[in-house]
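By letter and in written order, the chains are A, B, C, D and E; residue numbering begins at 1 in each of them.
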Amino acid sequence: MRPAVRIDGVSHAFGQGGERLLALHDVSLELRKAEFACLVGASGSGKSTLLNLVARLDPPTTGEIETFGSRTALLFQEAALFPWLTAADNVELPMRMRHVAADKRREEARQLLSAVGLADFEASRPHELSGGMKQRVALARALAQDAAILLMDEPFGALDAITRDLLHDELERIWLERNLTILFVTHNAREAVRLGDRVLVFSSRPGRVADEFRIDLPRPRRLESPEVARLAGLVGDRLREEVLTRGH
Amino acid sequence: MRPAVRIDGVSHAFGQGGERLLALHDVSLELRKAEFACLVGASGSGKSTLLNLVARLDPPTTGEIETFGSRTALLFQEAALFPWLTAADNVELPMRMRHVAADKRREEARQLLSAVGLADFEASRPHELSGGMKQRVALARALAQDAAILLMDEPFGALDAITRDLLHDELERIWLERNLTILFVTHNAREAVRLGDRVLVFSSRPGRVADEFRIDLPRPRRLESPEVARLAGLVGDRLREEVLTRGH
Amino acid sequence: MATEPLRMPAYGAGELSVLDKLETTPRPARRFPLQVWRGAWPRLAAVAIALAVWQAVVLSGWRPDYLLPGPVPVLRRLAADLTQPVFYGAMAITLERALWGFGLAIALGSVVGAVVARNRVLRAAVGSLITGLQSMPSIAWFPLAILLFGLTEGAIGFVVLLGAAPAIANGLISGFDQIPPLLIRSGRAMGASRFQLFRHVLLPASLPAFIGGLKQGWAFAWRSLMAGELLVIISNHPSLGVRLQLARETADAEGLLAAMVVVLAIGMAVEILFSSVDGTVRRRRGLA
Amino acid sequence: MATEPLRMPAYGAGELSVLDKLETTPRPARRFPLQVWRGAWPRLAAVAIALAVWQAVVLSGWRPDYLLPGPVPVLRRLAADLTQPVFYGAMAITLERALWGFGLAIALGSVVGAVVARNRVLRAAVGSLITGLQSMPSIAWFPLAILLFGLTEGAIGFVVLLGAAPAIANGLISGFDQIPPLLIRSGRAMGASRFQLFRHVLLPASLPAFIGGLKQGWAFAWRSLMAGELLVIISNHPSLGVRLQLARETADAEGLLAAMVVVLAIGMAVEILFSSVDGTVRRRRGLA
Amino acid sequence: GGAASQSPASQQVTLRLGHFANLTHATALVGIEQGLFAQSLGSNVTLKTSVFNAGPEAVTALLSGSIDASYLGPNPAVNAYVQSHGQAVRVISGATSGGASLVVKPSITTSEDLRGKKLSTPQLGNTQDVALRWWLGQKGLKTNVQGGGDVSIIPQDNAQTLQSFRSGQIDGAWLPEPWATRLIVEGGARQLVDERDLWPGGLFATTVLAVRTDFLRAHGDVVKRLLQGQVKADLAVNRQPTESQRAANDEIGNITGKKLPEAEVSEAWSHMRFTNDPIAASVRTSADHAQKVGLLSKVDLKGITDLTLLNQVLADQGLPRVSG
């Protein structure tokens, strides 16, 4: 079967000449359709860079990326909300761009916002929201894009454990319902194991897929379950090894 | 003994008239000198608001906050780096403001940056850094302020587990060495237990200190240790209870 | 996308009883006249101080009063002008031209600015031309204006347009230049088309800077108009530009100062208008 | 604060061997002449197109050549001017005045803008006055300029100053207004004094907008200068403003167009200067 | 000479006439105010007047065909003629003569007193500027275009001249009316030279009537009727000075919204003479002088005047013809 995303020998460098910094080196990766892949890696290892490339925001320095015509939605590491729009308008915007009828998009924005626990904050502007609330609006906005491929860059980083738990369930539900292909960056190994079909361990500068873990635990999984903890321990150890041996 | 920070009956509301939102309600709290207090609470419960008030960035709507002449340093939830300065210059800036000699501050900035693992990125500008790297520069900058009271708003939210671990050790060391009073906001109950002398559980909108846990584990503690996990479990349960019962 | 809402704590907008309690704390809801007064008194004070200084200079006898008349005769002259219908006719003509010309300049300037700002080649090609045109004095355009439009209102409009449009284009360009790249990327990641990116991201993001550009553009438009009005003199309704010029040509110090007061008042009124729009925009996005 | 560095993975700046390999990919380091050419060709193309259109209009015989001379005679006239030392004298005088006046305007405008922007009462009081002054045509200041300075260079400087300073002040004010509040809070949280906040946060943060303001200010200064130069005429070296005016008064279309070309060229040169500063500033902070 | 072609009487023609709103254009002001032009032009000619603030716009308008005829000063008329290589315009009548003088501080009584002093003129190279330089030269005082020499000449705007005279920055000026009078009345100056004394018969051109050559060719009859109006207005201005002063001032008030003080009008009036003669000789002499003081390159003004129609009109009315 054709994969949903094919990343083929991608390298990416920033800057020019002597100042050049190689952020990604020869990354190859395929995501199956409807796969939930999690990406863990040290800070600065190039995870965000990879997501940006897949979303076609920059062209890779070398290599190829294909998404086979599927649209991608990117949830940035920062919330990147539009400060001139209310929370609801921010969520509606991608639907406006798809020319969804006004009624329908208002209704859907409302549903998405209440799904992320912000039903009472539809009319708030980004600067009136807390860090975690902004991140949740951004999540709702990404879901409103109705893309087949969802690229998520630490979407739950600023959320408390309880909200995070609830959103894990919600995300899993939507993923199954919509048959999404998800590439999910996180620093939390447990979260990766809780959510992913596969956990990719990224090595540092230049970023490369150092290892991958297939997670065959049955769903629904629980973050606190011992199996998740055990696998997360393995992932964490592998990452530690990767980070510590590659430094010096 | 006089406390380092006294928060006395503080309430804070945003907006005006019917649109008013009560973010904090009657918060009272004292931090001992050289105490390491961690604050956990749901997203949007008013943690950042409280830190802003303690840093005197806004006056509280009612109530009083005293820091008894000690200077405070605030590490914002967003990195809030100055985009026109390099990483090193960002770290140097608070020292320039204190009129530290150029040599000395350059040397200290270098040390602080290498302490957060960014020795090679002194000359990079904020926009050339990854999310986690920005957060670490901001941490170095906060430490460069040489304040007696350090207010930290989810400083390690965007960091991988390994970097986080290392920075926990580093922060603990500096805290002991400099006799700092720290108020540390986190969403990670384990992190709170790993670091704090006391863990304060914040209830949601309006924010209030719902409960507190005294952590008497001997230092150094390890994040993975069973005692930390156990106490973190208690904190987590208490927070869950707080969040779920107060919903609706 | 039938996302069924999840049962999740719906964080309320705060407990009303507590809010009510807070309302009794000393932060009274401002009443409207009070608010107006708070906005107005510094302006009034500034005007009063300016008048006082002016009067003091005149009283000091520094220059004879036919060269530097005091505020009293000037304001008396202004009051006299204000009783004449011809004055209002003149004002109407001038303001109409200003609005027309400025409106056209906004349209042209925005289009040019928008096209140029986002196109690398065009920008290199005509970016500097825009500033070049902007620094061209109005009188240089007179012959061309007459060639193109004859002695019509169109000629005046042309001069105003060429005066203001470059400033507005430049304002928009520099507004676009200052948009945080993350917002643009955010728009692109949403799959926005070129036009959608423009309409939904670039334009609103640059709005505060654009308003600043409009303010500068207005000043250019107005100054060009004061010059351009000398192109076509309508009998019976000497426009403000003509009044200014006539007062100057007849060395009528009082008349000149009276006309200057009018220009100043209009300029300030326009600024207050822009400021209030600007204030609203900035408050909405948490910039104020 | 003797923070001993922690043994932590020091992430290196990438593996050089790999970078070397990347260098061989088709992204050649641009050579200098190539870069200049890339910057210059769109401008040259624009000039060429403009000249071609102009020539075409002239060839079409739309207007007789004494009203609308073609590019050839105008450029020939310009070339002839360029051989005369008196032309360079005029240019030197005009540019000296422009630099002087603009320099003063920057100083005054920045100070006023900075003081007004951060003070609520002052802002309400004189904020709108600034725009009012900005919309005052230069000729209105002539009598006052002569009263204050007589027939001296000072009078010209005064007119230029009053033309440009408000634009610069407004540029700075609107730059300050657009600073993300988080950066200001960040500075305050560092314990910055009023002045330090100003020096280390507000000024650098508003720099891109300020440069935009300077560009507008330059245009105002230049236009005011073209008018103001008629105040004091040094016959020996007719300044550019006087040349423009003389060409106009003698209905010398060729001369007028030649002078306009000079004005345009200077305006474009100044813009290129500003742009390059602006580009550097923006590139540094990741805005470009 | 221009042939007066006829446009069919039935055809509606518009005549666009320019003039200024100042006293040297009194003939035009009176002609318009009293309807003399409209009367002479008849019903099939629509008269549209345009008021100009200054010469350059009038010339541009004339050259570009935005107006068909205009009253203007001899300088702009010459400029229009020279710049269009003698094609675009013809001076077809005079209007005003005189009305320029050298006024100075009362302490200055002879030309010798002017040594080392500063004098103003309206504009480098204009009639008054040339006249002043020429006159000073005759008196043995050297000047140069750089503003140096025995007497320093500072060309500047007339209103500015009044201001700088009052504040003592200049010692006098060679000015047209009503500025010379204003310097006397408002600045306490005295008249040192009346320019009339320097010209044969006291006549020199101040305002002339110029018409587009194209229009003259196409609508000679209309131009002829315009000239009939001019001649009527000239008669009115000369025969009923009081009434004409009132009419001219009324028209100025109409245009600018503000009348001039009556005293100023009658004082200025007394310095001027109104005549149909364009006094082209004075224009040519002035051009010669300009050339000699180094302000102008040689120009050929032959053919600038075309008085055929004017003399026909004058003959019709039994008035003496003019020679130009």
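In the analysis below, a residue touches a chain if its C-beta (ideal position, glycine included) is under 8 Å from a C-beta of that chain, and two chains touch if they have at least 3 such contacts.
This is a predicted model, so every value here is computed, not measured.
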Intersection of the contact lists for subunit B and subunit C: A, D
Two chains joined by the most C-beta pairs in contact, as defined above: C-D
Geometric centre distance via CA averages, subunit B-subunit A, whole Å: 26
Averaged-CA centre spacing for the pair subunit D and subunit B, given as whole angstrom: 45
Centre-of-Cα separation between subunit E and subunit C, whole angstrom: 42
Touching two or more other chains - residues of subunit C: 8-13, 63, 67, 142-143, 147, 181, 245, 248, 251, 286
Sites on subunit B at which at least two other chains make contact: 21, 42, 44, 78, 127-128, 163, 243-244
Per-residue multi-chain contacts in subunit E, two or more chains: 56, 60, 64, 163, 167
List of subunit E residues in touch with subunit C within their complex: 21, 49-54, 56-57, 60-61, 64-67, 158-159, 162-163, 166-167, 182, 186, 254-258
Of all residues in subunit A, those that touch subunit C in their complex: 52, 55, 57, 71-74, 76, 78, 80-85, 93-94, 96-98, 108, 111-112, 114-121, 125-128, 143-147, 166, 169-170, 173-174, 178
Subunit C - residues contacting subunit D, complex: 39, 42-43, 45-46, 63, 67-68, 121-140, 142-143, 147, 166-167, 170-171, 174, 177-178, 180-181, 208-209, 211-212, 215-216, 218-220, 222-223, 226-227, 241, 244-245, 248, 251, 253, 256, 259-260, 263-268, 270-272, 274-275, 278, 282, 286-288
Partner subunit A, residues of subunit C touching it in the complex: 1, 3-6, 8-13, 182-183, 185-186, 188-193, 196, 200-201, 204-205, 207, 281, 284-286
Contacting residues of subunit C [partner subunit E, same complex]: 63-64, 66-67, 84, 86-87, 90, 142-143, 146-147, 150-151, 230-233, 235-238, 242-243, 245-246, 248-251, 255
